[in-house]
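In what follows, chain A forms one complex with chain B and a second complex with chain C.
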Partner chain A sequence: MDFLLQNVLTGLSIGSILLLIALGLAIIYGSMGVINMAHGEFVMLGAYGTWALNAFFGMGLLSSLVVVFFGVGLLGWLVERGVIQFLYRRPLDTILATWGIGVMLQQIVRLTVGGELRYVEMPHALTGTISILGTEISSYRVFVFVFVVALFLLTWYLMNRTRFGMQLRAVVQNSEMSACFGIDPKRIYGLTFAYGAGLAGLAGALVAPLKSVSPEMGTSYVIDAFFVVVLGGVQSIFGTVASAFLLGEATGTLGFLWNDTIAKALVLVGIIVLIRFRPQGLFVSKVRG
Partner chain B sequence: MVMKRRDFIRGTAALGAVSTIAAPQLWFKNSGLARAQNGEIKVGVLFSLTGTTGIIEESLNKATILAIEEINAAGGINGMQIVPVVEDPASDPATFAEKARKLVMSDGCVSVFGSYTSASRKAVLPVFEKRENLYWYPTLYEGRECSKNVIYTGAVPNQQQDEFIPWLVQNFGKKFFLIGSNYIYPQEENNYCKKLLEGLGAEVVNEEYVPLGHSEFSSVISKIKSTEPNVIFSTVVGDSVVALHRQYLAAGLDPAKMPMASLTTSENEVAAMGGEAAAGHFTSAPYFMVHKSPENEKFVSAYQARWGADKVTHFVSEPSYFQVYLFKQAVEKLAASDITPPTIREAVKGAEMIAPQGKIRIEKDNLHTWLWPKIAVAKADGQFEVLVDSKEWLAPDPYAAYPDQKCVEAGLTNI
Partner chain C sequence: MFDSSAHANPTRNRNRLQLALYLAFCVAIFAVPLFIDDDFLLNRYARYLVLGMVAMALSLSWGYAGILNLGQALSFGLGSYAMAMTLKLKTVPIHTGPDGLPDFMVWNNVETLPWFWVPYQSTAFAIFAGVAVPWALAAILGWFMFRGRITGVFVAIITLAILVVANLLVIDQQRYTGGFNGITDLAQLEILGLEFDAYSKSTYFLVASCLSVCLLGALAITRSKAGLIFQAIRDQEERVRFFGYDVAAYKIMAMSISAAIAGLAGMLYTVVMEFASPTFMDVPLSLSIVIWCAVGGRQSLLGATIGAIVVAGMQGALSESETFLDTWMLVMGLIFVLVVLFLPNGLAGLLDMAGRRLMRRPGALAGGPAPAKGLSGQKAKDQT
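Presenting the complex of A and B:
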């Protein structure tokens, strides 16, 4: 029982980090259909932003979150306006362009900040552990979990219950038609991309205290994020949540029973098999054709 | 420490060995031998300045250059200046081999100082063996190599573990949790560790390898909690070290009860993870920046004066520095007309000098180095505190985990 609970909690924690990383991608890829290879670099910039705000301005992690969200969001908006908007009907070119942007961001960071590994201090109030039904778990990981759930709810609300969300869904379905109704698709696309990028920035800021911060850190995150989104079903934000926690639990349990190397391999095999038999992912949102 | 892809490189090295046999040695016999000429001694400096291991290798380049500059400023070797030829192999083993060929064949260097990863050393090995040249390798590594063309100035497993493991058992207990990155170096270190533990009647509660670059240690930490070891013996390398320490800290585990004992955490890694996450964990190595000796004070102050007051020295940069002095000492014994790699090798056999860590010697049998094991604990300020300073230097035994093999002057022999 103890073992079971410990594993469920571990899985939830891994899942919450996966969801955190994938949420921004779910918006950009899922809603806009843009395959953004620079997603990992947005995560990386979020982590470096937090590090820099702490090192140069003495700001704590929590207060940095706001700055990082808007900072990386602004950068995302610039990328969308400057590059991606010209490539909407050319998905292959988009992949190449965003990948190039990712490489450039990596090298810019390497040249300006340096390639040394960095770290970000955890907020002091969250350094301890808390006990859940007798199992000790890091308070910071609990905080990340709660934060991610809140972020998800906010995103869901934004997409489904606000005017902006309705306009976005309209633009995604038919941008010419929605333009006829007075919606400016450019504005909507720009803001959506900025929001997705901002979420990636937040993810970077939040994983920084648990992992190392380096210019190349984004590479592994972008892969994880794509797995989560593709498995969950593109366009389904609930699917993203389900698949993040499914992958988290699977990785955690297999890692505990064997080891992380095997867990990683088995999870990948699992994803391949699932995608083979269910190419649309676990969840499909119904869109009227 | 990143010494990846060695398995793959072993294959490549084997290919190199095959081509050695295929190409008649006669072709190179005299014309190919590098030689110091025109009153200057050319040496290669082959550390990556860019790429994944660029940061750490840059510090090795700096230590090497510092030593060369010091020697030249003091009049060179028997009046001849050392001329360093610096190349950047960009953290790529294939580029290492290419640059090594250039240094040895077109520049005519009589020795090359270089490499951090085992993969890169394995990649250049065929070049040095084929051309009868000499490679000076400063990094601690997994042993199990017996080349006549490499001078190994870093520690091998027995020199880091012989004192460390019994000390850990005595101070913390007999339950060990072995965790490492998934490649050859941690596996060889763990092989030797298990051997020592067996002799001490200690047990291994779990042995586990994570993929290189792994950064999610939740399930490892669950396992640590459920197996309750006394010591976590870690050979995790690269950015995974940072993630492991920070998640250990977040999980509220206590270094006083269940410390991590590492062979690879130096001042560099501590700076990357932050003193808070490093504090209370142990490292065994022949050198720490805080080591007290006149030679080390001189080394540290010269290093910081040359490269910046915030720079740290560590257990790979120290051998990078002293091996240049060993080279000087060997060349000094030779006539100006007879400075070639084989004569340097013969002159360096059994050579002794006072290095920053203490008096060291090159073992004539296996060309590895007698070193001074030390055990230290990391502190929150980012430095170490040396707890155990070995009273005797320790002979290198690159085949310590393989009692039926021994590296002697004639080569590798089976006993």
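Presenting the complex of A and C:
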């Protein structure tokens, strides 16, 4: 029984990180149809931002979250205005362009900060463990879980209950018509991309204490996050949540049975097969072959 | 404005010019050893030619059939490992454990040769497998994707994910693959009594011949009926389907031919580099292949080949220093983004455009190369 609970909790922890990274991608891909291959690099920048704020200004993890969110968000806005807005009619090329941007960001970090591993400390209050039904779990992981759930609810509120969210949904449905009603689609797209990038930055900041921070840390996240989004169904944020935790549990359990690498490989293959046979999640209509 | 012979058959003239360029390239790469008598440099150039070959393979599937295979490095790596496996088994007993076990297996306490290594004791089988395994894998993956009408970005992501899975497994299964270190300390390739030392003219000529044959073969494919259908699928898949063609079959064909060429390139890469490593099938290499192809011109087989040779060559020249290399990657990323934004057909597309511009000015007409008139004549007609 303990085993089972331990597994479930590991799965929840993996799932919450997956969701954290996928949430930003879900917003960008779901509303704009852009696969942002630089998403992983936004995550990486968030992690480095936290490290830099800590190392140079002595800021703690929690207080740097706000700075990181707006910093990476601003960068995302620049990327959208500078590159992506010209490629909305060429979806395959957005993959390539954002991939190139990702390479540039990685190299910039490598050239300025250096390629060696960096470490970010957990907030002191969260270094202990909490006992849940007799199973010990790191309180930082619990904090990440709670934070992600709160962030998700906030995002849901933003998309469905605010003026901005309504404008975004209008632009997604018909950008010309919404322009006639006085909404500026460019502004909306730019802000949406910035918000998605900001979420990626937050993800990086929160992941930083759990993993070592390196320039290439973001690469593997994009594919995982993309599959979470596709599996959940592209336009449903709730689907993203469900699939993030489903994949988290699957990875945790398989990792327990074999090892982490095999688990990751099996999960990826499993998702590919699922997408092939359950294409509801697929969003082919916006895609040119 | 144009003389009548150019009007008479512009396509044929264009094709002749293209063939002439391709043949000139093949002659040029064979002529290189006449001018360079440095085995170290020849080894380097052979390496660039191999990379040109894999970029050309991607051009066939991406530029012609519209299949953006981000996992091209997987086919390349499979070929590379096939060659490394057979060359490892050929090493002298000092390098191998008892019963001819490769040394890394001995270190990992493997006691008998795994079943999937056994056939590689035959070099002929390995050469067959180095092409057939990537071909079959691509065919299966293509069947899986294209029969389900998966297109565009999903193809890109799925192929990338498969590459990641394969790379993870190869590194994880250290007992059978040499893991992170790859397969090193190989014997020299020997075919029908011919020895291919990596640092010799023979290997260079082997690579140059394979590249020439593949390049001209691929050119022939693009000019065949199947090649035309590839391009039609790239431009308007639905319409081709309505004409009654089996779109999935053609896409599977394009992807598997491309994978077979990449597999052959991978085998040559092992011969040239004298080892196989998981970096031959990792995501950064796949990204590089895409960049070479995009910069050179995805819709031109020769453009992609030359793009790879030039870009990889410049990278090789700068790789003496770590900082240079990092800066170079940064510049490469920038060039890649700019090419994607402004030059979707790469440098080959730029040349094509420049040629057309030049031809449109009546004064420049006389100065231009004669066969190019046909090309520009056709384009000018299209524009009016």
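Heads up, the rule we're going with is that the second predicted complex is superposed on the first by the 281 of 289 C-alpha atoms of A that agree within 3 Å, B and C clash if a C-alpha of one lies under 4 Å from a C-alpha of the other, contacts with A are read in each partner's own complex, and residues count from 1 in each chain.
The definition used in the following text is that contacts are C-beta pairs under 8 Å (C-beta built on N, C-alpha and C of every residue); 3 or more make two chains touch, one makes a residue touch a chain.
None of the values given here were measured: they were computed from a predicted structure.
Of the two partner chains, chain B is the only one touched by A:S138; chain C is not. In the superposed model, A:F256 makes contact with chain B only, not with chain C.
In the superposition on chain A, contact is made by A:K264 with both chain B and chain C.
In the superposition on chain A, A:V83 contacts chain C only, with no contact to chain B. Contacts of A:C180 after superposition: neither chain B nor chain C is touched. By the touch criterion defined above, A:T127 reaches chain B but does not reach chain C. The interface of chain A with chain B overlaps its interface with chain C at residues 220, 259, 261, 264. By the touch rule above, chain A contacts chain B in their complex via residues 3, 6-7, 10, 13-14, 17, 114-119, 121-122, 127-129, 136-138, 140-141, 209-212, 214, 216-217, 220, 251-253, 255-256, 259-261, 263-264. The touching residues of chain A, when paired with chain C in their complex, are 35, 83, 86-87, 90-93, 95-97, 99-104, 107-108, 110-111, 219-220, 223, 226-227, 230, 259, 261-262, 264-265, 268-269, 271-272, 275-277, 279, 282, 284, 287-289.
The touching residues of chain C, when paired with chain A in their complex, are 66, 68, 70, 144-145, 148-154, 156-158, 160-162, 164-165, 168-169, 171-172, 233-234, 237, 283, 287, 290-291, 294, 323, 326-327, 329-330, 332-334, 336-337, 340-341, 344. Only residues 52, 54-55, 182, 208-211, 213-216, 218-223, 225-226, 239-243, 246-247, 249-252, 271-274, 276-277 of chain B touch chain A when the two sit together in their complex.
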